[in-house]
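Below: a set of structures, written as structure tokens.
You will see two complexes here that share chain A, one where it goes with chain B and one where it goes with chain C.
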Partner chain A sequence: MGKLQGMSEASVTNSAPVRRKLSAGPLSRGDKWFFRTASIAANFAFVLVALILIFLFIQALPAITSQGLPFIYGTEWNNSKDPIVMQIGPMIWGSVLVGALGVVFATPLAISLSYLIVFMLPSRSAKAATTLVDLLAALPSVILGLWGLFVFTPVAAQWSSLLNSYVGWFPLFQVSTADNGFLGSPFIAGWIVAIMIVPIITSITREVFSQLDRDLINGALALGGSRLSVFRRVIFPTSSGAVVGGVLLGLGRALGETVAIFYVLQLSFDFNWAQILEPKGGAVASMILSKFGEASEEEVSGLIAAGLVLFILTLGINFLASVIVNRAQPWRKI
Partner chain B sequence: MNSLTKASTLSSENISVWFGQRQVLSDVNLVFPANKVTALIGPSGCGKSTFIRTLNRMHELIPGAGLAGSVYLDGEDIYGEEFDAVSVRIKIGMVFQKPNPFPTMTIRDNILSGLRLSGRKIESADEVVETSLRRASIWNEVKDRLNDQAISLSGGQQQRLCIARSLAMNPQVLLMDEPCSALDPGSTRRIEETIKELSSSMTIVIVTHNMQQAQRVSDQTAFFLADDNTPGGVVEFGATEQIFNGPIDQRTNDYVNGHFG
Partner chain C sequence: MSFAPRPSVQPWARVNKSRKSQIFLASVLPLTLSALIVFFTGLDQNLALVGVFLPLQLVAASLVGFLAFGRRGVGDSFLIVLVVFLSTFVLVLLVSVVASLVSQGAKAFSWTFLSQNNIYVSNTTSLDFGGVGHAVIGTLMIVGLTTIVTVPLGLAMAVYLTQSQSKTKGLVRTLTQAISGLPSVVAGLFIMSLALTLGWERSGLLGSMALLPLMLPTVARVAEEALRLVPVDLRYAALALGAPNYRAFFQVILPAAKSGLVTAILLGVARIIGETAPLLLTVPINNGTSWNIFSGNMMTLPAYIYGYLASVFEPSQNRAWGAALVLMILVALLFGATRLLSRSKSLKSKPTKQKASK
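Coming up: the complex of A and B.
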């Protein structure tokens, strides 16, 4: 004890320790250049996003000031009036509705596919399946849109007709008249979106599943679990947060998709809240595409304002996705 | 939990195991009598963990896995027609090398997870939880925090929770695959005590790399060995006392005295 006290006295008389200068900076000239190039490239991305936002905002300003808040909830677009009226409420809602339908159709598909690839297929077929799904992501959306128009629409119209005749009493599946042949509905557009976002949801879900601790799954099987109960009680709860993040990333992508939906959805400036079989819908991106060709200067400003709204919406969803993914596995942090 | 099922005798007959084309075990014949603790020892890669997984049909989950021979639970072949994998695993519980409580579940839900996973009715949940935790000697540590996340427990507690989770299924046999290899000496000692207490109500098979542990907890010991490029097998099997103090085979003698492995 006496010795210990002596030591502490000694340390008291010493001056405070001198801290060394530590640096994780570049180590050589080559390093320095690498460092600079990398940081320029990294900052470039931020600058680009900021510049795009600024550009959109400046271009959209005339429309925003002349239309005011009704721009985002009103239901009229009339370029023969003076002053011109531009309101895109139904388009914004339509984007959300079609995106949501896409997610509803795509999520079960993507989760089943991931489960199959990770847990059931032998490795060779799993690789083939993964490649095929990734190829789906590489499909140009024009091709998908044309396929949707010529091949898929007639088939989906059949499904719509069936849905309407069997569960048509449910408001979701009601139509004003059956004469329209069930074409151009949000239901069909939702399927096209679903096909486009299945790959991204699948690749995220697959990744999450394959990183699951196999001991957890084996533990659940050793307790007498079946494939279904193990999925329901262990695999899915453990990975659900990350899967939701993947779904939102998919949704973010779906909202911005233009061309594919353009071919299959009947645009209308009348709100279609949830009659998904009605040939009446909206999509901001498709609307921009349809009007851009013959737009006056004022209208262009309105269309750019619509683009800005879409941009902010997508950014918001992506932000939400990243928050959810980060919070996905709170137990990891303990 | 008053109606504990009685322990059963488990035995393997000519068990050979393949992964793809490669044979890793050949002709394992062992008997695990009721209420006895059997230790499986041997150097890494000799097939002990593989063997223990054939005893509750976990082996067949590995793609390309192959098996010959039979495993009898009280005389009935668990690979036979009258059993399916799920009912085998309900009767023969398993504890893994690394503690693997379900991270999304509370302590309580972890205990009940087996009953839920296997789709069995849960009659008196509170009783099952308490009895299982008591049998795994962890009740006093967790009784006030049953609704905490299981992952908040220490490694040793997590492993005892996993034992309790298996006990909730009321198994006749408990298989333990190096249950203490990831734990500190204190936790190891407590699990060894638990093993001894449990052996009064069930048959226990434990894989261990720890010679002292085998001597402390087991009644009988099987020594596994695989020579280079040949399938593994049992070199010697007998009372623990005899395997460690008077082995018949020279290789057993070398191994238990630390000459290799």
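Coming up: the complex of A and C.
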């Protein structure tokens, strides 16, 4: 500092310093446009959500006014009646059931994958494992549907019959019809959905695990903790917030899954509360796809209303999940 | 001079030689034993995997752990066995998908299948005729149009999230993440209701529009990560030299983050290239080749698979598998490209070199 002052004094004595002209102020014209463009693009996210809501609502309005509130909880879809009856209660519940099953199956898998990648594998094979998980995320859902129908369903049906014969006393694994082949059940659809959301949960969990304080973990190990106790007492409590967020993100994706479970789930407009091996279930998205082909004008409106319900449901869950994930990852905020 | 009594546990002592054989036995014995049980008693394989193999492996590993490290070893081996078992399960699922794709898809795979379209092909036509050429063209055109529109938009969003000082950044980021979970069928319904309201015809263009909300969050999020990897000092240095923000971005940050941004684009394309439901709702299918994205019918690979998937005829099922293999190859190509890019990026040396040369 002192040296600098001395220099300026010296320059004063020689000649007045030439004031350097800044070529651009903080708000030059170019910058204004630069930031304006960026913020228009960013606000497009709001516009997009608003547009989706508005246009879905416009087209769903006829169905909403004619069906009223029973649209959400009723159990009948009959297009031969006059006036037409459209109710999607079992579909909404089916979506929730399949999504919940998917989350239940996927969460242990995702957590153990993240643990393996972050804490057990050397860095090179950890990278390879990450690539494999990303590849799983990149599998198009229609391919999973194809595989699910021809390859996975027979295996899963075998598992279902085993579950039913050994733990069939448990209400969850009961079936009402004895000989149904165990095909097309929420159990199978739940597994397909689980495969789709494992990468989503894994990516969040892995990042949180890798950002954990290594000193904390090493300290716990040095105190004589085993991997299990360190996981239970140190790793899990410190990362559970983000894991919950990741699981919710996965749930949001599971609720909206369409094509992958379209072929492996038998849709039925009859509530299947929790008999997960029974070949009847529901999924709003799959229902929309299956009815769309030969839908009348009124039915299209009903399907769009179903889409609106699905959108509001998933947007709510995803928004909550994003808030949780962002709060649990403070290192992301700048 | 007196020494403290030697502790009974000596971490520095040489590892017990018999431990290697213990570990070997513990990793081989449970598998052989359960295989033998399945072989001789005819127990169901699936049941044996969970009912015999997993408990045996847990017990064996815990035993070795106990012999080596006492109670701590039990916890170690318990967790390791469980984690490896569950992770292997995921790996088996992935391998099963890829293997069945390759083995089933290879039946249909040929140059004819890749190049021809499906005019004059019925459900039972043999695989010597017809193919997915028209679907590949349709997919590439529709996805290409979406990419052209989405990439600048997504990059601008990423710029907003990393370069600007605005207060709504957190909200935009959360909303972007929330949109990334938009159900694909809803994206299709949205464009469909837009078309119904405004009286547009269904066409490839609508399919492109329906894919946009699905691709945008991926591009924006990955691009944001890529831009964030560029050291913020570079930007400050550029600003301090008198560069306006936009020149700092285009001349310093953009070159430094180039490979990450290309990765963002490729991942975005990989995200939408297999989307089925929006295309089924917005693009009318076609058995012939169409180059016109703005009107008329168009075929896409996912719609092709969807159409042949449920058929009871074997040639049609083979067509579905073949098309799925083609789609998977496209995804794998995109994916391999991103891997190559992310391997060759050297974020720290590149920007400084470029600045030095200027």
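Criterion: the second predicted complex is superposed on the first by the 295 of 334 C-alpha atoms of A that agree within 3 Å, B and C clash if a C-alpha of one lies under 4 Å from a C-alpha of the other, contacts with A are read in each partner's own complex, and residues count from 1 in each chain.
The rule is short, and it goes like this: a contact is a pair of C-beta atoms (placed from the backbone, for glycine too) under 8 Å apart; a residue touches a chain by one contact, two chains touch by 3 or more.
None of these values were measured; they are calculated from a predicted model.
Colleague: Applying the touch criterion given at the start, work out whether A:224 contacts chain B, chain C, both or neither, answering first, second, both or neither.
Modeller: In the superposition, A:224 contacts both chain B and chain C.
Colleague: Based on the superposed arrangement, let me know which partner A:28 touches: chain B (first), chain C (second), both, or neither?
Modeller: Only chain C is touched by A:28; chain B is not.
Colleague: Where does A:139 make contact in the superposed view: on chain B (first), on chain C (second), on both, or on neither?
Modeller: The answer is second: A:139 touches chain C but not chain B.
Colleague: In the overlaid three-chain picture, which partner chain does A:280 touch, first (chain B) or second (chain C), both, or neither?
Modeller: Neither partner.
Colleague: In the superposed arrangement, which partner chain does A:122 touch: chain B (first), chain C (second), both, or neither?
Modeller: first
Colleague: Let me test your reading of the model: by the given contact rule, A:215 touches which partner, first (chain B), second (chain C), both or neither?
Modeller: Touch partner of A:215: chain B, not chain C.
Colleague: Thinking of the overlay built on chain A, is A:51 touched by chain B (first), by chain C (second), by both, or by neither?
Modeller: second
Colleague: Looking only at chain A, is it chain B or chain C that touches more of its residues?
Modeller: Larger number of chain A residues touched: C.
Colleague: Once chain A of both complexes is superposed, is A:151 in touch with chain B (first), chain C (second), both, or neither?
Modeller: second
Colleague: Mind working out whether A:291 is in touch with chain B, chain C, both or neither, as first, second, both or neither?
Modeller: In the superposed model, A:291 contacts neither chain B nor chain C.
Colleague: Taking the two structures together, which residues of chain A meet both chain B and chain C?
Modeller: Touching chain B and chain C on chain A: residues 224-226, 229, 334.
Colleague: Mind pulling up the chain A residues that touch chain B in the complex?
Modeller: Residue positions touching the partner: 122-123, 213, 215-216, 218-226, 229-230, 233-234, 237-238, 329, 331-332, 334.
Colleague: Which part of chain B faces chain A closely enough to touch in the complex?
Modeller: Going by the criterion above, the answer is residues 56, 58, 61, 63, 86-87, 89-90, 93-94, 96, 98, 100, 102-105, 113-114, 116-119, 149, 151-152, 162, 165-166, 169.
Colleague: Sort out for me which residues of chain C touch chain A in the complex.
Modeller: It is residues 44, 46-47, 71-76, 78-80, 82-84, 86-87, 89-91, 93-94, 96-97, 100-101, 104, 152-154, 156-157, 159-164, 166, 168, 170, 172-186, 189-190, 192-194, 196-197, 213, 216, 228, 242-247, 249, 270-271, 273-277, 280-281, 302, 305-306, 309-310, 317, 320-321, 324, 327-328, 331-332, 334-335, 339 of chain C that touch chain A.
Colleague: Taking the touch rule as given, give the residues of chain A at its contact with chain C in the complex, in rising order.
Modeller: Contacts found on chain A: 22-24, 28, 30-31, 33-35, 37-46, 48-49, 51-52, 55-56, 58-60, 108-109, 112-113, 115-116, 120, 129, 131-136, 138-147, 149-152, 155, 158-159, 162, 166, 195, 198, 224-229, 231, 249, 252-253, 255-259, 263, 285, 288-289, 292, 300, 303-304, 307, 310-311, 314-315, 317-319, 321-323, 325-326, 333-334.
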